[in-house]
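Labels run A, B and C following the written order; every chain starts at residue 1.
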Amino acid sequence: MELQVTLQKRFNNFHLGVEFEVQGERIGVFGPSGCGKSTLVGLIAGLSKPDRGKVILDGETLYDGTKNLNIRPEHRRVGMVFQRPSLFPHLSVKGNLTYGLKRCSPANRKISFDDVVEVLQIKHLMDRGVKYLSGGEKQRVAIGRAVLGNPRLLLLDEPLSALDDSLKFNIVPFLKDVCRTFTIPYLFISHSLLEMQIMTDQVLNLSDGRVLEKTTAEALVRARMGESMAGYMNLLRLTSPQPVDGIYAYNWGNQQLLIASGDSQPEGLFELLSTDIILFKSHPEAISARNLLQCRVIRTFEARHRIGVDLDCGGDGHLVAEVSKQAVEELGIRERSEVYAAVKATAFRKLV
Amino acid sequence: MKKSVLVSFFAIMLICLFTIPALAAGINVSAAASLREVVNELTGNYTKQNPGVVFQNNFGASGALAKQIENGAPADIFLSANMEWMDYLKTKNLIDEKNVSTFAFNVLVFVGKPETKLAKLQDVVKLEKIAIGSPKSVPAGEYAMEALKKAGLDTQLENKLVMAKDVRECLMYADRGEVDGAFVYKTDALQLAQNVKILFTVPQELYSRVTYPMAITREGSKKSDAAAFMKYLQSDGAQKVLLKYGFSVK
Amino acid sequence: MLGFTPADYSAILLSVKVATTATLLSLPFAFAVAYVMTYRRFRGMVALDVAVNLPLTLPPVVIGYLLLILLGREGLIGRHVLQPLGIQLIFTWKAAVIATAVVGFPLMVRPMRTAMEAIDERLIHVSRLLGAGWFDTIITVILPVSVRGIIAGSVLMFARGLGEFGATVIVAGNIPGVTQTIPLAIYEYASSPRGDVMALSLCAISIAISVVVLVFHEWLARRMVRRD
C-alpha cells in the first residue's frame, strides 16, 4: 500500500497541515487528543473536504484541490472502524456484515464471507440483532463489516480506546489475524504507545495538526522512555507455561521466566517495564527475585535523563532496561558488557 | 428577578380574565342575514329620532340565531326569515306571544353569471355546483329545498349543492364564481350582486311565501324601548324603507 | 344505526378518505424536506424552516383563504396552470386534501426531523464508506432508522386531517357527499337548533376513529422495534 498525502484544512481554531508519504501494511498515526488524527483520517476517507491538497492511494488520485477532483467516499474503497462500533441497529449481524459486501463490485470481491466469520469467531451471532451484543462482539462485527467491504486500505480510528483493558487485548489478535489473513493494509490511529507497539511498524507522529516525524513504533517508544514514568514497555510473547511452586514458568528464548500473573493458557502476552529491571555487574549470590538472567549489552541509548540498555538475553530474548547515568558509570556498562538482569516474578503484567 | 416575573405574569392573567367588555346597553336585535342593510338603516333612523337608545345588531341564519337565543344569547327583538324558527322559540317560551307580527315579505330567485343560459327552475340540473343555504338552519335554503322537492329535482342535484351558512354567503359564492348559481332572495340580488344577475324567479307555487315574522323576546319585554322600536318597525316610515330595498309589505 | 343519513355516512367516509390521501401524498415531500433540513447546509435554511412551520401558527382560515387566492379561477396557479389544463380544484375533494396536507405538513415534518437528527452521524459515514451513495444511504439507513418518526408524523397529520375545518370550508366548501367531512357536518348540525343529537353522534364517531388511529400507531411503533 502506498499513500501520498498533502493536506490543508482549517476550521474553528484548528489548522491541519500535513505532508507525508508512506509505504507498508501496518502504519500508525500517533498523537495526543486533539492533534488532528481523526480529522486527517476523515479527510483520507473522503468524509470531509480539505481546503486544498492531494491524496493519492496506490497510484490513484482520490483528491486533488487544483483539479477539483474529489472522489466520493463510496468510491474510494477505503474502510473504517471507529471507536464505537456504530452497527446498523435495524439490521441483523448478518445484515451488517453483508452491507458492504453487497455493494462491492464482483470484480473486487476477494474476501470470503465465511472466512471472515471464521477468523472473527462470530458465526454464532449471525441472526441476532445488534442491540444486545457485548462490547467485544460488537467491535468484532464492526471489523468484519469493514473488511467484507473489500477495502484496499483500512482506517482504524482508535478502535480499542472505548474498550477496557482485558477486552482491548482480546480484540487485538482478531484485528491482527483478519488483516494478516486477508492482506489488508491499515492505518491505525491511537494515542496509546502500547497499541502502536503491538499493531504498527511505521508511525506518523502527529502534534497540533502537523506531522513531527515519520518513525517506527520502536523508536518512538524508546524516545518516550525518558518522559514516561513507566519507561519502556517490554512486550513478551510467552508460551508453554508449567506450574511451579504456585506460579508459572514460561519459555522465553532459551530461558525460563517465572511469572506470578501467569495462568495455564498456552500463550500469553506480557508486559515488563524497563524500570522494573535491576542490573548487576556480577552474579549476586542470593537474591529474592525469582528471575535472574545472564545478558549481554547490545548498546545503550539516551532518553532524557535516563539511559536505556538494550540487552541480549540469549536465544531470541531481547529486553530493554533503564538505569541512571551514574549507574552506567559505576557499573561500567557499555557495549558487549556482561550483566545480570534481575526481575521479580510479580513485575510482569499479563495483557492477554 | 424571578419574583417580579411571577407577579407580572399573574397581573396579566388577572387583567385578561376580568376585563369585562362594555355591557351591551340598549336594545339587542337578532335579525335574518338578508335584513342586514334594512335593519341597520332602521335602527340608525330610530337612534337619530331617539338619541340615547343604542342598538346591538346581530345578523345570521334564522335557525342559527334561534339556537343562540335558546342558549342564552342576549336578544330583545328577533326578526326571522320564516315562521319555523319563530314557532320554535315560541315552543321554548322565549317569545312574548302577544307581540308577534309580520315585518315584511320577500321572493326567492336564482342568480348566476349573465351569460348562463338558464330560464327556469328545471334548467338548474344542467349546472355543476349550486350554492344553497343549509336547510338545517337557513330559511332561504329551506324555501329553495321545498321548491326543488316539489319540482322533483332534489335527487338529481345530489352532490351538486354547496351548503352556505346564510343567504349572503350563497350570494358571495355565486358572485365569486365558485359556484355556477345560487338561491338567494330578490332583495340580496338587487342590493349586492356585482358579477351575477337574476336568471329567473322561483315560481311561488312551489314554495311557501317568504315571510319575516318579528317579535319581542321574553327578555326584551322588560325593556320599554323594545316595544317602542317594534311599533316603529310597523310604521309607515319603516315600510317606506323596506320598499326601497325591494321587500314587500303586504 | 344512530339515525345517520346517507350524507352523514358520506361525511365519515370522506373524512377518512381525505385524511388518508393527504397523509400518503405528503409523506415523500415531508421526508425530503426533513432530509434537506437535517443533512444539508445552505443559505435560506432559516427561510425554509419558517415557511414549513408557518401553517402551525397561522389560523387555518388564513391558510384556506390563501389557497383559495392561489388556486382559484383568478389565482396565480389557477389562471396559468389549472385553467389551461382544465383542472378544477376549488370546491372538490382534492381541495380538501390539499388544505389538509398544507395545514398538517409541519406536524409531519417535525417528528421526522427529530428522528433523523437523532441518527448517529457515524452510521451515515459507515454506510458511505461501505459503498452506498447518498440515495442508497437514505433508503437503506436513514429511512429505516427514522421510521418511528415517520410513523409519528403520519399519525399526527392524519389525526389533524380528521379534524380539519377552517381551511377546508373555505377552499373546498361544504358540499354533502363531495367535500362535507365530519367537522363540517358537525358544524352544520351545531348551527341548527334541532341538530344537537346528530352533532353529538358524529362527535362520538370522530372520537372512535381517533382512538383506533392512536391504538394502531402504538402497535405499529412497537412492531418496528427490532427484537432480539
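Definition applied: a contact is a pair of C-beta atoms (placed from the backbone, for glycine too) under 8 Å apart; a residue touches a chain by one contact, two chains touch by 3 or more.
In this text, all values refer to a predicted model and were calculated from it rather than measured experimentally.
Chemist: From the centre of chain A, which other chain's Cα mean sits the farthest off?
Modeler: Taking each chain's C-alpha mean as its centre, the farthest from chain A is B.
Chemist: Central chain, going by Cα centroids?
Modeler: Of all chains shown, the one whose C-alpha centroid lies nearest the global centroid is C.
Chemist: Taking each chain's centre as its mean C-alpha position, how far apart are chain A and chain B in Å?
Modeler: Chain centres of chain A and chain B, defined by C-alpha means, are spaced 89 Å apart.
Chemist: Where the centres are mean C-alpha positions, what is the separation of chain B from chain C, in Å?
Modeler: Comparing mean C-alpha positions, chain C is 36 Å from chain B.
Chemist: When the centre of a chain is set as the mean of its C-alpha atoms, what distance in Å lies between chain A and chain C?
Modeler: The mean C-alpha positions of chain A and chain C differ by 55 Å.
Chemist: Using the touch rule from the top, collect the residues of chain C that touch chain B in their complex.
Modeler: It is residues 72-73, 90-91, 173-178, 180, 188-189, 191-195 of chain C that touch chain B.
Chemist: Touching residues of chain A toward chain C in the complex: what are they?
Modeler: For this pair, the touching residues of chain A are 45-47, 72-80, 82, 84, 86, 88-90, 99-100, 103-104, 128-129, 131-132, 145-146, 149, 151.
Chemist: Would you mind writing out the residues of chain C in touch with chain A in their complex?
Modeler: Residue list for chain C touching chain A: 120, 122-123, 125-133, 136, 140-141, 144-145, 147, 226-228.
Chemist: What does chain B use to touch chain C in their complex?
Modeler: 61, 63-64, 66-67, 70, 85, 88, 129, 134, 136-137, 158-165, 173, 176-179
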